[in-house]
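Read from first to last, the chains carry the letters A, B, C and D; within each, the first residue is number 1.
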Amino acid sequence: MARELKQQSLTIPILLGRFKTCRMQTEKICAPLQVEDYVPQPIAEVSPPKWHLAHSTWFFEQFLLIPFSGSYAVYDEDFAFLFNSYYNNAGDRVLRPNRGLMSRPPVSEVMAYRKYVTDAVLALLENGDASKEILEILELGINHEQQHQELLVYDIKYILGNQPTFPKYGDDFTTKAETKEAGWVEVTEGIKQIGFSGDEFSYDNELGRHRVFLEPYSISKILVTNQEYMEFIASGGYKDFNLWHSDGWDYISKNEIKAPLYWHKVKGEWQNYTFNGLQAINPDLPVQHVSFYEAFAFAEWKGMRLPTEFEWEVAADQFSWGQLWEWTASAYLPYPGFKKAPGALGEYNGKFMVNQQVLRGASVATAKDHSRKTYRNFFAPPSQWIFSGIRLAQSL
Amino acid sequence: MARELKQQSLTIPILLGRFKTCRMQTEKICAPLQVEDYVPQPIAEVSPPKWHLAHSTWFFEQFLLIPFSGSYAVYDEDFAFLFNSYYNNAGDRVLRPNRGLMSRPPVSEVMAYRKYVTDAVLALLENGDASKEILEILELGINHEQQHQELLVYDIKYILGNQPTFPKYGDDFTTKAETKEAGWVEVTEGIKQIGFSGDEFSYDNELGRHRVFLEPYSISKILVTNQEYMEFIASGGYKDFNLWHSDGWDYISKNEIKAPLYWHKVKGEWQNYTFNGLQAINPDLPVQHVSFYEAFAFAEWKGMRLPTEFEWEVAADQFSWGQLWEWTASAYLPYPGFKKAPGALGEYNGKFMVNQQVLRGASVATAKDHSRKTYRNFFAPPSQWIFSGIRLAQSL
Amino acid sequence: MARELKQQSLTIPILLGRFKTCRMQTEKICAPLQVEDYVPQPIAEVSPPKWHLAHSTWFFEQFLLIPFSGSYAVYDEDFAFLFNSYYNNAGDRVLRPNRGLMSRPPVSEVMAYRKYVTDAVLALLENGDASKEILEILELGINHEQQHQELLVYDIKYILGNQPTFPKYGDDFTTKAETKEAGWVEVTEGIKQIGFSGDEFSYDNELGRHRVFLEPYSISKILVTNQEYMEFIASGGYKDFNLWHSDGWDYISKNEIKAPLYWHKVKGEWQNYTFNGLQAINPDLPVQHVSFYEAFAFAEWKGMRLPTEFEWEVAADQFSWGQLWEWTASAYLPYPGFKKAPGALGEYNGKFMVNQQVLRGASVATAKDHSRKTYRNFFAPPSQWIFSGIRLAQSL
Amino acid sequence: MARELKQQSLTIPILLGRFKTCRMQTEKICAPLQVEDYVPQPIAEVSPPKWHLAHSTWFFEQFLLIPFSGSYAVYDEDFAFLFNSYYNNAGDRVLRPNRGLMSRPPVSEVMAYRKYVTDAVLALLENGDASKEILEILELGINHEQQHQELLVYDIKYILGNQPTFPKYGDDFTTKAETKEAGWVEVTEGIKQIGFSGDEFSYDNELGRHRVFLEPYSISKILVTNQEYMEFIASGGYKDFNLWHSDGWDYISKNEIKAPLYWHKVKGEWQNYTFNGLQAINPDLPVQHVSFYEAFAFAEWKGMRLPTEFEWEVAADQFSWGQLWEWTASAYLPYPGFKKAPGALGEYNGKFMVNQQVLRGASVATAKDHSRKTYRNFFAPPSQWIFSGIRLAQSL
């Protein structure tokens, strides 16, 4: 939690309310699943739902209850090994590609673990007296679990969408056609303020408010649609290496990628897997499940480009955002003055600042109180299984 | 089913009795499992229990009910794709390494599918009138499911034995110390009859009764024990390349294999995972979970060798066998006159006759009426997860 | 060659002089080699010297002689396939990892090809009358060959340095201890001009002179030495995951990297392969052959950071640089307004602008007239075989 | 050299003559090469010609000169490391896939090494007085080098045949149409003697003369021709999984193998690379460069089978053989009573007796005095780059 200790703006009752809501929401996301769906890990990036449920719980146990609750009894000593993700400082862990081998503990026990830890957190805070450090870790834990809620949605979609039977999940987490008119926001050159300031929660990677000089540019008010993307495909976009990064071209060639994830050509027509099953592509929806490579190639084909994360942040009040995360032209790098915190919580962000691309905005899978215009999301350039889309920009 | 049509020696009532027993036994093997345990496929060789349950059912549907039962309605058209194993002639199939991704259909539905097919088979035969072909396929289906029962036991052990928590399964399928005295059976040179003859069931690979000339040899009356194997390890057996095949040495080096599967060195003592959890090695039990490479190296270290499958078969009446399959020195090759049957059932055995090693005998996981001394089992040389052991031989 | 047509500042005689010098220099670099040394490609990144010799020649043939010399007869039609590197627009090509398989054409024929093309270029220009476009391509071709000269030095060192016998190359391309005093250049905040302007040659990636706002910082006047780097190793720098990027930690773990490339621990002492053979580490030399991951981890260990490429460029007149390329904290991204040129020459830079890190400066292997402070070099973060070093920076 | 010491039948002068002939022949095979051709290792199985030249020399140095020549000075201490192949007992060695990285020592020095060792061997024996052990090792060394001569021819063909320019080698080592009439040799059932007996040289793997019982069979007098093989391809042989082993089908699918090695479909016509360059397929030649998988599938398609190695040996006097090695149905296993010799020479054969298939006969690349009907050659089932062909058999 590499950030300055700030005036804690949230009262204990408000935080506890958010904590309870958060814990329930995680379980609500899993409600449509069969027990069996909690287990598989089809690719290394996709964790079993069971793992998310336990890991987000372990985080509270490891960083809040064990250090700060004198009376807390660890639920099961093995769980730290089983459900640590990448916190090397917090001890050994099951390697990421092996999470799908763990059928034990069963879902029912993971749920019992969740309840046990939730109750212990509530007990810790119920006397209404907690240090600033405890509240900050609680807030971080909530935000951490909200991030896993979003991954949970991605991973559930991947697991169900790769069943040969394309089972339905339900109506949640689906997008709608944008209702705003197309058009461009123009921004003049100048020094701009970038990064988070304020007393509310933020991650260490968005702190370090600083100045950036931007040359003049315009940025689209709406996202690229399936209709436009189908035109890109139809015009041979996946066959023209001039549009692609060298790495991107190698990647789509090796993996035979010819469309966004979940798209299937069925009897000559494009269909895609949605949470309501396999359906014809809706041309009016924003294109979803594209990698950075695809977003870049599409922009090249249009003779435009992706915005930098700074251009996005400066203009963000002038368009609507939030159905899909938006790939930017910016690599994920530290802001001036960024410092990792000591210990396990310092592993949160900084160590990923290479070979990753920044996305800005939010998605239909983002927790309601988990978005702000300074938020820096990031994924590896080939990632398709995330809820990603494309907004275009141009230099003026 | 590449064998001559024979005088069917079994009556319908007897076959139906065996059918019902077989179907129940498969489910009994799974009884100790949690729902989650049915899903993972930790390595390509190990199939999810759910898959075995459905595949052995699909076999009856595909080869018995669809061709011979006029009134049969297929349970679910997708299941042929989902639960075909390697029968290319029977249509497309989920590739073997992807079985662990299939969380759907859930276990409950697989169980419903089992009941549906079991009932349809019983209905087909209940009027007491069935062609010889139907009875032969029924008998093959029972034997096929019995083979999968054994794999099910192997695969359950692998799934549970790779949980970091080493959960218990129960008392079934465990071995005992051999009570027979050590010693050697001596066999004189001569022409010997090899292969199956008789009216009972057998596989195509053991038919073609033929003559083989054997030079004189002796074969041990008992299996190699854990005690002897620990001596092999302690004397540096895994570090002396002179004892190993070149492929075997490469394999154990690359995979850092230093003991049989499930053996763990805990505080300087060898323990192993058993169906009753992690336990100290019992020195009196026959060594189990060794690959062909390990069996060969152990024999080299002893200055002896493994028997050929012919030597084994000729002497089999003179020692007791059946706790563990026994690696032989024989590659898995066709007997003289072997011919694959046309169609999908012809894929049963012949196409595996390269790069495989023969095992003879039976194991504690073998169905009661599924063993005979002519039975030819086979696995790839590196296989450790099977219930395999070592019997030594010597040329005289 | 994605740049504006500019007033050609160089006269034909001057350009021809540089052309001849450049062509000779390439061959001079190879002079110490045995014929056999021209052939191997030990890793995908390292091309055979023979390939560099031919590819830099093919560039003149493909982009200058074929389009602009009416009388030119192609030397060998197969060579375009053999010696194209990554210009997809210029037709099929031998895939990069297969260059080491090409024993043909032999070195002698490659040398004949070089002479043939050199003579044809001289003939094209000897009447003293050439269009601006011809001169620009000639200048680009010279710069292109100079880049390959540097790669040639890297690749020769890799080929020789991986011979079990550590053969000597000679005294060229070795570094010296820095004579400048240690210390820090301090730079105040403000808007800075970045990028190339002027009439001389530059690459498209450094054009688009633009403004960047920098927060105050200081930058070291000298490079990190072997002495300091040995202290980093001795203090456990390669064992402390807190110092590393997640990708970097995975990379050094998987590849068991414990020191810069060419370092060998011989009887407890660090030695390294140099162009004069295996020698004890000279503690006063700047550390060389470190990856971006290592440079970053070293800076973390020091409690400092690498400079951004902008910080480097702004301060570059206040320290000496040029023995080793210096890793910066900047990912390789387009400057505002960057546009790829159409056609094959547009593939020169833009398509690599993902997953690469910028290096600034120059090295002892850089051609004399091939460096300037706006020059943007780039390599993948794990690269060790390049002539790379470390300069530290700090935020003020 | 795991064989009984036998009455040495060869006199020193005869052996020395063979030694000199052998050493010259190796160099003659390389005469058409360019220096560059000695270096590449395009696949792990194919060693650089330079390596064969040195390794066959090292064998005499290591096993003959060092133990038995008191005055012998090792040519270069590094060479044991560089040119050991797989003799773990003889110390460390360059790993096989890295042989192509060794540009040093250059060819000229390898040739000097050859001359040095050849002279030393001649000096050792010139006084006409040598122990039986020395003579046996000399004879083994000659046979060892002859084996490498054959591999040298295979590897040269692979290196040249994978140059995009298909260079010519010359007229040696090419096959001719068989002149014998087609037909079948019929063999009656009975006990047959198998294996080598006599005083001449043989390998340990063919010793242990023993009895085998054969059921009646017939074996073709001639090899399968290109004409027949083209019919197999045209009839869809590579698309019908019923014809293939499961491993074979996986292998040709994964590697997209659709014809023998060196076959190229050029404008609808089959051509193949020969030592005289790319040429139209000659339909009358025996088909060459097929794997065991392909030989098996072809036999299946014909409704026949491959002979076992015993069937081949028993009938070998009744047909002509020697243009191509012939795949048999036999896995490479030890004969009864086979024992590895102690030490490095014991690694010669025994450790390969798993996952390999026996070939019988000889090829146009086999040294003149290096063939006999008991000779057991062996390669892995997928091998195509060897000089292999197909002879059919049938059970009667």
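Quick note on the criterion: a residue touches a chain if its C-beta (ideal position, glycine included) is under 8 Å from a C-beta of that chain, and two chains touch if they have at least 3 such contacts.
The chain list, named the UniProt way, goes like this: A, B, C, D = Iron(II)-dependent oxidoreductase EgtB.
The structure presented is a predicted model; accordingly, all values stated were derived computationally and were not measured.
Student: Once the contact rule is applied, which chains count as partners of both subunit C and subunit D?
Tutor: Under the touch definition, subunit C and subunit D have no mutual neighbours whatsoever.
Student: Taking CA centroids for every chain, report which one is farthest away from subunit C.
Tutor: That would be chain B.
Student: Hey, how far is the Cα centre of subunit A from the one of subunit D, in Å?
Tutor: So the centre of subunit A lies 58 Å away from the centre of subunit D.
Student: Subunit A to subunit C: how many Å between their CA centres?
Tutor: Spacing between the chain centres: roughly 37 Å.
Student: How many angstrom lie between the CA centroids of subunit A and subunit B, rounded to a whole number?
Tutor: Centre separation, subunit A to subunit B: 46 Å.
Student: Listing for subunit A: what residues touch at least two other chains?
Tutor: none
Student: Strictly by the criterion at the top, what is the full list of touching chain pairs?
Tutor: Pairs of chains that touch one another: A-B, A-C, B-D, C-D.
Student: Note which residues of subunit D are touching subunit C in the complex, please.
Tutor: Contact set of subunit D toward subunit C: 34-40, 42, 50, 78, 81-82, 94, 100-107, 159-160, 162-165, 167.
Student: Enumerate the contact residues on subunit A facing subunit C in the complex.
Tutor: 86, 88-89, 189, 191, 210-213, 215, 217, 241-242, 244-249, 292-293, 296, 305, 329-331, 333-334, 336-337, 340, 346-347, 351-355, 357, 381, 395
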